[in-house]
């Protein structure tokens, strides 16, 4: 078994807004092993990004607040660190690639400056050396060195995302969090960027946490997968577990809503209903209003997160045996 | 806040489907405490001022001097004291407000009509039309607006109509520019292409589709511009080019009282306070409207 | 960039010409006979005729305008009708106080409003922020002359610290400059605060934080430069405001500047003085706008490269119109 | 600074007066009283209302410039505080016949550039005025000026008893220097007075320095800095805070100045004459009954009380002049009589009289008060605020109906006061365009009068007629107030409005 790099236990993040308290992340537990890639899958608003920001220590405060749980990085609870110590981890131990490359770069600095900055910040290097290294990083992400002194607006979306990747990887972080790194990009460029990430990851032996709503991307890169819904992990397991044997009705619903060219299906079956209002979550199982198998119990009590097979967890009464063992149909 | 927006996004979408832009804006406005404070202030000011003809007689209460009662300090009956002609300062402030605010609003209406027309034509047609209109406006922009207003008023006579015209001309260039920028933005959106594809006339597209969309973010600017114009009127009155006697106007009252300020502060202080409160109320409402109507421009 | 500046300077010419045409037209069409202004009322009709001839007032207005501009081009703004002095000499005396007043105000706006706006944004929703927001709201709503009167009462009359009049010593400059910039402090600190808050929420700030930069560096380096853009625009616009407002400040504090000169000239329909005042003011404002745009492009590389590609863009726009 | 100066001048001065709410002309209270010495200081700062853009005394368009120039130049003659003529450079004067004036010029005068003053300079000082439009009225009186030895002989175009007074306003200039300097002269004047101009910022500041080579008694104050402050209250603040040593102040600050131990305070009457003028060539004021109705409706007592320091007057001739006469014919405030007169002319509530009054200043509370007064007898008076140039032009073109204004007399010339009713002064002093053959006759009499009694008699008659016909309603004069550093001594405040620091000193 590989060594645990990151272990999150019962992480709870809430936003206190004028409209009420938003439970963005609710008792989330996750583990990322060294060298491994964990995919976090969920619809928009499920709390994936907030979880990631929680790990980065970048939850806006106020209104956000980490209300409970632990984030262990190399057996050290980073939530206990003071801001200055935490700061030293960011960019060096943990890095993050943000969703939208169009806005993630500061428009008023050259790209090389923005890469060199993180290098100079964490490594005791002079300006020139940092810049030199930054240019190397650029070449690593396949951007020609002569474009180093250009500004972000002169770059295309895909190139910007490569710059963001270069920033994230500049200090060889142990953990790379990629928040929907390809969502904002054209499909052809998506593939290039994914390929690049995969390549760099293997080269630098970085662990990765990939946040996405795209199951295709997950199947390509991830070793482990966690499914998130309304701020909770509803199912987690190895790539195989999830793809071959999805347990939770929501996971099944997700697979049902993507086309599969191997099968002839007349209609896709999207999950009915909408993601619940995070400031007004349903009682009991958060998914029950949309769940085909929901019973009265589901709206009253909250199911536990239970291990079904080794390493494969799910949060559903069906697997707790509290519901009449009605088989959850795969890929309905 | 970015991540909150992210989290709230689906919920927000749901809401906007149910309610119109205006109802939505109203809801947002109601939630904004300072905007509510501003609306209450403004409503109070407007009600008190515009109901003044009900309990004030212009000839007897507002402009009739009482030379035996000049420069009296606030006392019972004359709550805010009297001015240098023995007239009740409170009555004059109330009546003067009708004039100050009235001129500000009318000038703004005039300048927004002209500004919207020019801005819309300029933004929609672009090219040479745009060039000609914008360059001509640049000429007006090149003179500081207060100086432009002073020049216009002193060349024409300082009647209320001329004041309104001068103030409107002074603010047309900036209004046109704002409208033009909005029109350009909306013109670029797909729905306009769609409407054009349906064969709508230019006039119809501008009036029915572009302007309504362009105006909502501008409304707050208009409200704030009224505040600016009220200040400008008071400035003109200060140098004797504003509202002419015996009509009371806040700026004129304030400046006529300044000679006596060492002896009788109230003649200068109270009109000034009325002016400041009105401008503050307008600013608060304008701020609130901006946040409510134009999330895009939200700061 | 050099070509751009030249181009902008060239663009100023038609604007200044436009300004001069409008003002000249307005003045020529308004009532009042300059010959009478010069000679006084006891002048005989014959003398008036001679003077009109001498001034070229009998020519058609376009010819008068053309003759006037011919002189202006070589720097001759003529002689004031009311003071009989060379207009350029009059302006030579009166421009410096107005420039000091206007740009002094601008400078204090910059050094007060920007740091204040940043402080307010960083301490968003703190008691300091809330109090200052209310205070600035009221400051922005106060007419300059009113706050001026109040300041004179306090600082000149009661405390005796500052002179209530004039502009010849540094201490005399304090009150006029502060009065004409108070509203600017309020408005621009609000703008800086708002744009700072806006910028702080941007993704690239999150990127900067994710790099593990110190918060102070994030604010000073990454946020400020972006947040300054709206402030630069607003301060640029304030140049015109400061010039306009200086009219009132000059009246209130008895400053012998351009604004007071213009008011006197307008009251007496002193056409050469009014024309010169307006033309020179518009040139100064145009230059100030150019400087604002240059400052903008200095801060924002997007604008900078837009200038470089301007011609190209124009062609594209031309196509769009067809 | 003569009365016969064109109306432009008079009204320009009074505009300054009214706008600033401050007084300019004043009496002759003499000099400051004592106080404890505050160490030797011989530099003073004097606040004036306006500093001109031109230091040529002939072009000077305000009393303030004249005050400055009084120290740099000498004039033919001067006036004492009762407007008696006293010597200037002319030590003696006589009128051998009613068309001739002879001046005997004193000796030893030098210009600041060292040149001695010659008789040619003196003659030139008069002759050069021919080119000055503002002096046209004065020059029209003069047929010729000749100098020989130490005598200057002036021949008049017609008999004129008041002509000599105009020489109080003729400054002696250096012919040579003026011709050399050309246009620059206006900014760098040279005279024969005890002070030289060392610094001049047009519109804001003039610094004078005592001239070391002054051939007579040297001035004690080393430098005098004149600066301009228009706002009356600011003038007082300047003196109060020690920024300035001398200023004319507004009535509002009178008691403050009186009670301030650091300051000396003066007050006195001025020759300011306020009036309501009605255009006698245009309806409705071509009708004497309507004019009288206006005079009856003018609540002089109450309206004058609005501005502190104003005293009502009943003649266009200032009280301090020997020719002053209080006519019983002048209507006294009586609304009932006004109403009756108006009704007689067919104006009543059903058919109200409606006209426009003009002013050229911002807010005029006095006019507003008159407006309200008229409203009670159903007269609608609109107030129109005109730009000054337009105001003057419309006035000269007889386009106005009623206007309010005021002027100050500075030479004690009765003639110019009475000119307001004389056809020869249409558009200048006679702004109502009033004519009356009897007045014309009487005016000629005053002009040619050789004895005081003769002049007084004719002047009395004119004032009686004028009070009956009321083309102008005399309204009020005002007191002048001054505050100064109490250590400043021997400042001469002339009735003419001039302030002299020639003999002043600091204790």
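A few notes on this one:
Order of writing sets the chain letters: A, B, C and D. Residues in each chain are counted from 1.
To be clear about the criterion, a contact is a pair of C-beta atoms (placed from the backbone, for glycine too) under 8 Å apart; a residue touches a chain by one contact, two chains touch by 3 or more.
None of these values were measured; they are calculated from a predicted model.
Chain closest to the overall centre, judged by the mean of its C-alpha atoms against the mean of all protein C-alpha atoms: C.
When the interfaces A-C and C-D are ranked by C-beta pairs in contact, the top one is C-D. Distance from the centre of chain C peaks at A, each centre being the average of the chain's Cα atoms.
Chain A and chain C have CA centres that are 52 Å apart. Centre-to-centre separation between chain C and chain D, using Cα means, comes to 40 Å.
Rounded to whole angstrom, the centroid-to-centroid distance between chain A and chain D, based on C-alpha atoms, equals 90 Å. Taking each chain's centre as the average of its CA atoms, chain B and chain C sit 22 Å apart. Under the contact definition stated at the top, the residues of chain B that touch 2 or more other chains are 1-2, 154, 239, 255, 258, 261-262.
Looking at chain D, one finds that residues 233, 387 touch two or more other chains. The set of chain C residues that touch two or more partner chains comprises 30, 157, 201-203, 206, 252, 266-267. For chain A in complex with chain C, the touching residues are 56, 58, 60, 62, 83, 87-92, 95-96, 98, 100, 103-110, 114, 117-118, 121-122, 151, 153-154, 164, 167-168.
Those residues of chain D that touch chain C in the complex are listed here as 6-9, 52-54, 59, 133-134, 136-137, 186, 201-205, 227-231, 233-235, 237-238, 240-241, 243, 360, 387-390, 392-396, 427-428. By the touch rule above, chain B contacts chain D in their complex via residues 59, 63-65, 67-68, 70, 84-85, 154, 157-158, 237, 239-241, 244-246, 252, 255-256, 258-263. Contacts from chain B toward chain C in the complex involve residues 1-2, 125-127, 135-136, 138-147, 150-152, 154-156, 227, 231, 234-235, 238-239, 251, 254-255, 258, 261-262, 268, 272, 275-277, 279-280, 283-284, 298-299.
Touching chain B in their complex are the following residues of chain D: 21, 232-233, 250, 252-253, 256, 299, 302-303, 305-306, 361-365, 367-369, 371-372, 375, 383-387.
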